[in-house]
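Shared between the two complexes below is chain A, which pairs with chain B and chain C, respectively.
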Partner chain A sequence: MTTPGEEAPVTSDFVRSYVITGGRSLPSSDELALHTLVTLAPERTLPLGAGPEVRAIWELCAGGYLSVAEVAGHLGLPVGVARLLLTDLSEQGHLLRRAEPPRAQNVDRATLEKVLHGLQSLIG
Partner chain B sequence: MDSNPSSAETAQKSIYVSSAVTNAAKILVVGHFAVGKTTFIGSLSEITPLRTEEKMTQASVHVDDLRGVADKTTTTVALDFGRLTLSDDLVLYLFGTPGQQRFMQLWEDMARGALGALLLVDPARLEETFPVIDLIERYGLEYAIAVNCFDPAATYSEAEVREALDLLPDTPVVYCDARDQQSSARALIALVRHLLERAA
Partner chain C sequence: MTSLIGDPLLWILLVVLVAAVFAVLRARRTNLALRRTKKDLETGLAQAQGRVDQLQGHIATLDSQHRGDLADVRADAESATKAVLKSAMGTLQSLAEEQQLLLDGLLKKYGDDTEVLADLMSVDHTGSQFSRRAKGISVLCGGWLGRREGVATVYDVARSAQGRIKDFNRVGIHAQVSVAVSSKAVEPVAVVLAELLDNATTYSAPGTPVEVNIQSVPTGVCFIVDDAGLGMDQETKDRAAALLSADGPVDITSLGDPPRFGFAVCGMLAARYGFTVSVGSVSPYGGVRAVIRVPEELLTADAVAPVEPAREPAAQEQESTPHRLAPVPVGPSHVVGTTTGGLPKRRRRQGPIAVVPAPEETTGFDAQTTESAGEVTASRLGAFARGTQLGRTNTTEGPDHQ
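Moving on, here comes the complex of A and B:
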């Protein structure tokens, strides 16, 4: 607890996130949804000066498609930080993206029916 | 995390989504603390369920502070998720998080593009579900109720649950055991059927 007027201690986690993102504010989920699938585009070279987190994303995403949330989970990053780094890589043309959800919250019957059939096959 | 695959089978098992998959759907699994969200996701996920720690900045005002200065504190919330390949070209992601007003940013993220939400309910602690229903409704999510039967001896009728939670007549209420894959799948099926009716 800190008493009013006293500076609250800044946690090391906070400093870590701040360093990784360069103190930039995190993009919203409009940029990359948690379940958007991403992978490294073919024949790309790691950007010069890439930090350890970008290198880790690069290696992980070279293997195939994963959701934004899975990239964060595998690398132990908060989703906001993973999304920022992935957005940078995407803007630089290093990423392929799949399964972007529609911007509007519209329900897609065909997807719902596929989900239903898939779940029904689990209970046999 | 298990970084030491012990058999050839686990070594071969890829963490990646099959390359034929072009569509990813998302369903939220929500409910108060210890209602069984992590268990539910784990019973269905084909990957070891993953978890991230999300830092939430929360503005708080000291009532006893005469200057009325608001300061910011940071709390952490776990976001759990799992994955389920449902057909050659479709994967389903399940995202679980507690329903607390202070985690709004995370809810906004989760709600974006979600098909709907399965609300897990412990009938012995129904009142803890109200704040979660508020959040679901705030984000305009369609939902179904899955009553997680912790104590098989204690029976609560569907009518009791409906009345206590003040549900709309067409909101599905199913019973489930979050530890059981088939039972969890049935709960999701009830939700998806409801979503299809609402989309009609």
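Moving on, here comes the complex of A and C:
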């Protein structure tokens, strides 16, 4: 029989993710894809009554563009939960978004090298 | 004289006299006999009384012995039941904990899939309620809750408690303080608060709010739970007060069928960990106001542990995916060390962001190495490529999009 004594550690997440979302339905991944980059809009103040997660996002995103996946990773939250919080901030106008840029068209290597050499001779 | 002898009256008188003498003698004898009988009876009565007293004493002895035996048997049965339940609940507790750990992993694994995530969350919600029940019964049977490693803010304790009840959506939390609860009290306070929230949501109309206000008081911190129910009748109040102030073990068989564990669990945990719970007062909404007062000794000023789990600094490199964006080498200083989570910390950039797809290995521009001349050149080239691309397609969401 495994009877946990006083010392038995409890390591599951203390605040469950459905409490953080408040039971709201999650936004679809079309809104903010994993690679969408977000940052704080300039001259914004933290909304009143922001929870610890929103405050953490605020601090993270103040440092420049981060992808949605990175934000979720930093917070230790499922991506869907981080996406909901980011969507909220975005709807309130606190966040700037930048879609993942499409892959560049293939340019042949010779052209790139020419451009590079040209730039190198220009910039030194 | 002859006339006197011949007088019948005299004879009659004589006869009457003799009869009277006889009667007196006889009465005297009877009297004596009766006195003797009375004496005998009195002695008998006293003896009988003595016997009765003796028997009554005996009955009392037997009775108390019987009561004692019965209490012993009851106590034995109770402790045997508790021992069995405690160990059974212990197993359930560890299974519930195992399931929650598993769900923590699954929630992160399927975090990007909205539908799966929502379903996993509802499973998690049921699991949390199940875990709370198991913990409550375990505590009543003398079991333990398990110990949290880190301290938690009062706000997080309240949110954790909120997550353990069915109607968690109705609960609103307002924290006026940002103090943390010490690690040993984190779980008990959360369990007690969850029981109070469960009562509050169960005994008030669906849709009415249940408020948790967390306030600092001179002797510690108070969690105040207000509901908009009908309040409690005097009998329930008395029962609650008795259970909340109980010092010793609680008789689990006296909690009714179906058993109402809530107050008993609260009283037990409060006594064990040294905080107080009261439910006597009326809430501003007309329902019940329940208050948990956590004393100074169970609070801490320690910094709250970061929300992110500790990870190896090299984890990022190992977890690279084919579609991962190349780090943007605009300048040497935009990555300023790593966070405790092992991810790079970035600072706001001066110029426009330059994001290009990861270069082919054959191009020779290794974006992973920083602060090299080739790196700077590559970043300039990237900016250039991006500039031309922006000219061709307009795919950027951003300031101009809003």
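Following the convention adopted for this analysis, the second predicted complex is superposed on the first by the 84 of 124 C-alpha atoms of A that agree within 3 Å, B and C clash if a C-alpha of one lies under 4 Å from a C-alpha of the other, contacts with A are read in each partner's own complex, and residues count from 1 in each chain.
Going forward, a contact is a pair of C-beta atoms (placed from the backbone, for glycine too) under 8 Å apart; a residue touches a chain by one contact, two chains touch by 3 or more.
This structure is a prediction, so every number in the text was calculated from the model and none was measured.
S.K.: Let me test your reading of the model: by the given contact rule, A:Ala56 touches which partner, first (chain B), second (chain C), both or neither?
M.R.: In the superposition, A:Ala56 contacts chain C only.
S.K.: With the two complexes superposed on chain A, say which partner A:Leu46 touches: chain B (first), chain C (second), both, or neither.
M.R.: neither
S.K.: Looking at chain A, does chain C or chain B touch more of its residues?
M.R.: C
S.K.: Touch check for A:His117: first (chain B), second (chain C), both, or neither?
M.R.: first
S.K.: What is the contact status of A:Pro78 with respect to chain B (first) and chain C (second): first, second, both, or neither?
M.R.: both
S.K.: What is the contact status of A:Tyr65 with respect to chain B (first) and chain C (second): first, second, both, or neither?
M.R.: both
S.K.: Quick one: is A:Gly93 in contact with chain B, with chain C, with both, or with neither? Answer first, second, both or neither.
M.R.: second
S.K.: Based on the A-chain superposition described above, do chain B and chain C contact any of the same residues on chain A, and if so which?
M.R.: Common interface on chain A, chain B vs chain C: 4, 8, 11, 13-14, 17, 28-29, 34-37, 63-67, 70, 72-74, 76-80, 98-99, 101-102, 107, 109, 112, 115-116, 119-120, 123.
S.K.: What residues on chain B touch chain A, complex-wise?
M.R.: It is residues 14-17, 19, 21-27, 44, 47, 50-55, 62, 64-65, 67, 69, 71-74, 79, 81, 83-87, 90-93, 95, 108-110, 112-113, 115, 140, 181-182, 185-186, 188-189, 192-193, 195-196, 198-200 of chain B that touch chain A.
S.K.: Under the touch definition given earlier, write down the residues of chain A that touch chain C in their complex.
M.R.: 1-23, 25-29, 34-37, 39, 41, 51-53, 56, 62-67, 70, 72-82, 93, 96-104, 107, 109, 112, 115-116, 119-120, 123
S.K.: Report the residues of chain C in contact with chain A in the complex, numbered from low to high.
M.R.: 86-87, 90-91, 93-94, 97, 100-101, 103-104, 107-108, 110-114, 117-118, 121-122, 124-125, 128, 143-149, 152-153, 155-156, 159-160, 162-163, 168-169, 186-187, 190, 307-309, 323, 325, 334, 339, 341, 343, 345-349, 353, 355-357, 362-363, 377, 380-381, 384-386, 389, 393, 395-399, 401-402
S.K.: State the interface residues of chain A toward chain B in the complex, per the touch definition above.
M.R.: 4, 8, 11, 13-14, 17, 28-30, 33-37, 63-67, 69-70, 72-74, 76-80, 98-99, 101-102, 105, 107, 109, 111-123
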